[in-house]
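Two complexes come next, and they have one chain in common, subunit A, joined by subunit B in the first and subunit C in the second.
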Partner chain A sequence: MLNRITTLFAEAKDLNTYRMSNKEMVIEIAYISSLCDESKVSDFILVPFQKELQPFDDIVERNPQFQIIQDPAMWASIILRGFVLLSVKGRIYALDTARIIRNETPATQVETAILGPQLALSEDMVDSINIIRSRYPSPELAMEEKTIGSMSHTRIMILYDNRHVDPNVLSEVRSKLQSIRIDFLNAAGQLERKLSGKLGLLPTIIITERPDRVANSLQRGKIVLLLQGTMFALIMPATFYEFMHAVDDNYDSFWMTRMLILLRYFGVILTITMPALYIAVISYNPELFRVQLAFSIAGSRSAVPYPSFIEVFIMLFMIESLIEASLRLPKYIGSTATTVGGLILGQAAQQAGLVSSIMIIVTSVVAISNFVVPVNNMSISIRFMKYPLIVPAIFFGLTGVTVGIFALLCYMTHLRSFGKPYFRIFGPIKAYTSDIGQVSEE
Partner chain B sequence: MRQNKLIQLAIVLPILLATLSGCGFKDIDKRFFVVAAGIDRPVNNPNRYLVTLKLAVPSPKIEPGSAKAQVESVEASTIAEAVRLIKSRVDKELDFGHCKLYLLGDRLSSQYYPDAMDWISRRRDIQNVAYIAIGRPDAKTVIEMNPPTERFPGNTLFLQLGKDGTESAYIVPVFSFDFIRKAQERGIDPVLPIMNKEKEEYVISKLALLNKNKTVATLSPNETEIYNQISHHMKKSTVTATINGQSLVLAVNKISSRYRIVKEANGSHILKMKIYISGIFEEAPLGVYSSNWSKLEQKFNEHYEAEANHLLTKIQQAEVDPFGFGLRYRATHAGSDQTWKAWLSIYPQLKFEIKANIKIDGTGISD
Partner chain C sequence: MNRYFYYNVFLGSMLNLMLYVPHILIKYRYNGAISSMLVAVAIGTGLAYLFTTVTQAFPGKGLPEILYIFFPRAIVIPILLFLAAMWYVASAIAIIAYAVLINRFFNPDTSAIIVLGLLTLVCIYGATRSTLSVMFMMEMGLIINTPLILFILMKSVRSENISWDAIRTIANYWNQMPQLTPIAAASYIFTGYINFSIYNRLTPPNFRLKFRWMIPVFCTVIMLISFFVPIGFHGTETVVHYIYLWSVTSDSLIMNYGFIERVIFVFLILYLNLTLIYTTSGWHQAIEMIKSCFPSNKPDVDQREIPWINWAIATLFAIVSLLYLHFFDEKESFKLASAWLVLRLFAEAGTVFLLFGMTLRYRRKSSL
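Moving on, here comes the complex of A and B:
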């Protein structure tokens, strides 16, 4: 066995291959030391083998942690997942001794809630499942494991409630997972893009780090995908409403949370349409404003040398680079970017006569109301949506914006999330209820 | 196949859009906003038009007295030509989108006004909610004036005529859509407020009665108030009566009126109008609280009935119908030309029977 393994692997310092003998037998073991917990290796294999209190082949046979491996083709991948491979009397066994370096189950950072649970999912799938199971103590919780990625062999786990899950959605998810061709799968977003098509303007799968959102979704019959190595779970199917819905909406005061939901919708409409409307109204239909506003805009714009759409592009470029810069910068100098960009550039751009004062307000409304969307992947998709609307606004004014919004609405109503209508605002997708569970995958 | 469809869509959509879009791309700072327009007949050349436009000069600061406006006026044989000539004198594109006031000169409105209204009703960028008024002595003088405390050009006009600012019983704002409608409808005739220039102020307290072609009569401020009460149920108004040489003034709280046109046994028609008004004293001698209110109310009724009767008779004698009595008659009778002809013969002989019912609600804060 050892010869075969050493030929399989490139020359690697951390690949340990030993041949050991005691009075009774000779065994061979192979493992990658950096992936394994060496104390486990010694506790389970080395020590009992040397002490000889019990015949070693007996131990291996009785302990269910030692799995018999029949197929030599699996050896390499088994070793690479942190298993010890050992050959005892011609039989090959594998023992899980994996040691995974991961973040200690951290506090929620991407999707925070004030009065909600503060624990996020873990980067280790087993820990995540632990968190989810303890929040969802139901015997109906089913799990299927799959591996995706021809190189990365990323383990993913499909979680669903056996009784509430919609079998059509489940089979669609399974078949889509089956058809994914990818070398490396590193992050949840990658899988989301593979599952829902890369050209989609809006996400149809929620990416979340919140275990309470996961538990809620499971209870509503949704399917949750967990990836080894990322702390985000994928939830499908999802409606537009659910992207607009923060977990806080169930925890805080009823009336205020309804207000906040309205506010989020309003914010989304503003952030998508404001730049386009600015161009359309300034350059085509100034009679839309009240007189006072029209005059003050005309006054503040009279120093601006460029047409309105150049002005919009300047400001949008500035705000987008600001957001991008504050994301890319190391945390310690991150606040510099906001200070320089927000205060100095914004004020100076207006005083220099590069943009009008109204444009500064438009830009900040666009940026801020973009951030009220609670789910991050939706927030980023919406950040893009204002650009397609600007084009018709430049050429056709208010008519163009109207047609653009209409086209956008058509697109949204046309979207389906795993067969479920996406743009249903009233009421989330209902859970599927049946008295017996689903048939598991054959 | 799918791609073909996408390409088709990409071609068709812009073409459709291009046919829909209105005026071209023009930034707001490259436009000259007209805030008021006046249309006159010149004194020495009564067949031509004198068009006066008040153009707002925008400034980023809005302070009292900071309003700057440029006034352009040009004489031409048509209004459209005059506007084009003004365009050749200014540096920015004219935009009527914010023009809230169209003033017809007194001379124009007392000759023949439909031509000017035709121009106002046809232009796409002229708002239907613009106000129409008559400028005295002519539109140009009124428009040229710059009220010294204006915050931005035209603001005084907008506030004075609209309901945002002052609400006066003597001002009857008339929207252009309303005016155009009334100028064409059989059975109702338009009215227009008259704007005077007095020192550096606009004075709007009179009402002109127009038939389908020209001004035929002018109502005094007092008559304007009664017209406003009967026709628009204007609450911020007063009712006055003189009792024993002392004048008592009632501030109106509630007002309503209704009327019926009744055919008498002898074939003549009577218009029976009932007016209900209740209000609180604003001016009254001390001790009015303990006096007999029903007697006071009686006096008010008599006084009001006489005034209203006088107004209606005056309107009738001017052969116009701003209340829309004829429209009511047409609406409640068979819809044939015969009805309209019948009304034309009824109206000059119509008798008015007005019953006022004025109620005193209180004497104000002092007794």
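Moving on, here comes the complex of A and C:
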């Protein structure tokens, strides 16, 4: 066995291969020391083998932690997952001794809630499942394991509640996972893009780090995917409303949270339409607003020497670079960038006559109301959505904006998240009432 | 899922403005418009009741499938093509009228053809979606737009500038004999139900349509508003001079609070949305009708892969609309709309009665 393994692996210092003997027999073991917990190796293999209290082949046969490996083709991948491979009397066994470096007791950082649980999912799948299981103590919780990625062999886990899950959705998820072709799978977002199509404007899968959101979704019959190595879970199917819904909405005061939901929708509408509307109103239909307002808008951009859409492009470029810079910079200089950028955007650009003061307000509204979306991947998708609307606004003004919004509406209502409608007001309220689009059995 | 039926009814009745219905009615205001409206209430409600009875007998089946039960293919195909043309013409009239309207009020610098090009582009995209998607789109569009439209209608009714005297003067002509054209125009307001000839494919197996009384109530209110309010604003004589009657009427209103002062802009944007929804829905139905002529066609209410034939038919529709706008003007468009309304009344009544008779026979046969 050892010869074969040494030929399989490249010259690697951390590949340990031993041949050991006691009075009865000779065994061979192979493992990668950096992936394994060496104390486990010595506790389970080295010590019992040397002490000889019990015949070692007896131990490996009786202890279910030693799994028999039949197929030599699996050896390399097994060792690479942190297993010890040992050959006892011609038989090959594997023992899980993996040592995984992960973030210890992670706190929620991406999707925070004030009064909600502060513990996030872990980067290790087993820890994540521990967190989820303890929040969702139900015997109905089913799990399936798969590996994706021809090189990375990333382990993923499909979790669902056996009683609530929609079998059609489940089979669609399985078949989609089956058809994924990818070399390296590193992050949850990558899997999301593979599952829901590369060119989608809006996400149809929620990416979350919150165990309470995961538990809620499981209870509502959704399917959760966990990836080894990321602390984010994928929840599917998802509707547009779930992206607008923060977990706090169930924890805080009823009326305030309803108002916040309304505010979020309002914010999304503003952040998508404001730049386009600005162009439309300035360049095509200034008579839309009442006279005083139209005058003050026109007056504020009297110093600006170019058409409104150039102004919009300048400001959007500035604000997007500001957001991007504050994300990319090391944390210690990050605040400097925002201060400098904020000063330039707020004061100097307007005083220099490059942009109008109304445009500065528009830009800040666009930026701030973009951040009210609770789920991060939706927030990023919405950040892009304003650009397609600017194009018809440049050429057709207010008509273009309206038509663009209508096209967006058509797109959204045509989206399905794993066969479920993505954008509709509400489905059947009572479970027994029938829904439109149900096909009669013939 | 009753609401999906009523979305169609509401959409059809609110969209009457785009098909010159108020203008036609007001043309006949001294000779029979009001009595024609009364007759239209009866006709419209009656047809709606008969038609919904038919569709409820065949849940999950669209008009093409129902026709194929009764008749051989050779008879069904001409009927379907004719109906598809009817749907297409209605939507085309609405969208062409709107392109001209936009050209008048919003973008006077561009040509109407370019605006129509933009509108048809979106309608091609919308109409090629699956039936279920079009229905959801209609739902969301109406939920967003209807409250504001009702707000404008209420605002117009409660306006101080409305002259109730003029309205009363016209109302005194109620005893004139009804005439065909105003009947056809007024009964159009009730015709939203006919959209269920395709959307009936979406109804679940145990579907029961409730609240049918809402059809006459809602549509009559809309009809009365869209006929009498312009008279109240413009007076008994001037009112006939405007072809886009309601745009001018909404321009007589003012909003004292908020950013936007002139109601006409809100009104135009809302009706642009409604027209787009109506055209998308109409073209979609026409596409489905034409597709049903092919023997290989299997109706699928939620098709994920858009077949190329959808694109082809929709593009053809758009090109025909553009050519129409290039060669004809509003006056001819208005004449076409009047003629279409009359033809529609007969076509629709014929279809409904035919189906109803066949359904009765079908039921008797199946109960034996």
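Throughout what follows, the second predicted complex is superposed on the first by the 423 of 442 C-alpha atoms of A that agree within 3 Å, B and C clash if a C-alpha of one lies under 4 Å from a C-alpha of the other, contacts with A are read in each partner's own complex, and residues count from 1 in each chain.
Throughout what follows, a residue touches a chain if its C-beta (ideal position, glycine included) is under 8 Å from a C-beta of that chain, and two chains touch if they have at least 3 such contacts.
This structure is a prediction, so every number in the text was calculated from the model and none was measured.
In the superposition on chain A, contact of A:Ile282 is made with subunit B only, not with subunit C. Within the superposed three-chain model, A:Gly221 lies out of touch with both subunit B and subunit C [touch as defined at top]. When the shared chain is aligned, subunit B and subunit C each come close enough to touch A:Gly400.
When the two structures are aligned on the shared chain, A:Val291 is found in touch with subunit B and with subunit C.
Using the contact criterion defined above for the overlaid structures, shared-chain residue A:Pro392 touches subunit B and also reaches subunit C.
With both structures placed on the common chain, the touch criterion links A:Pro307 to subunit B but leaves subunit C unconnected. With both structures placed on the common chain, the touch criterion links A:Gly267 to neither subunit B nor subunit C. In the superposition on chain A, contact is made by A:Gly299 with subunit B only, not with subunit C. In the three-chain superposition model, subunit A touches both subunit B and subunit C at residues 284-285, 287, 291, 392, 396-397, 399-400, 403, 407. By the touch criterion stated above, subunit B contacts subunit A in their complex at residues 13-14, 17-18, 20-23, 25-29, 31, 33, 35, 56, 58-62, 95, 97-98, 100, 125, 127, 152-155, 158.
Residues 284-285, 287-291, 293, 392, 396-400, 402-403, 406-407, 409-410, 412-414, 416, 421, 423-425, 428, 433-441 of subunit A are the ones touching subunit C in the complex.
Against subunit B, in their complex, subunit A makes its touches with residues 281-287, 291-292, 294-302, 304, 307-308, 357, 392, 394-397, 399-400, 403, 407. Residue ranges of subunit C in contact with subunit A, taken from their complex: 1, 4, 59-60, 102, 106-107, 110, 115, 118-119, 122, 125-126, 129-130, 132-137, 139-141, 143, 202-207, 259-262, 265, 269, 272-273, 276-277, 280, 301-302, 304.
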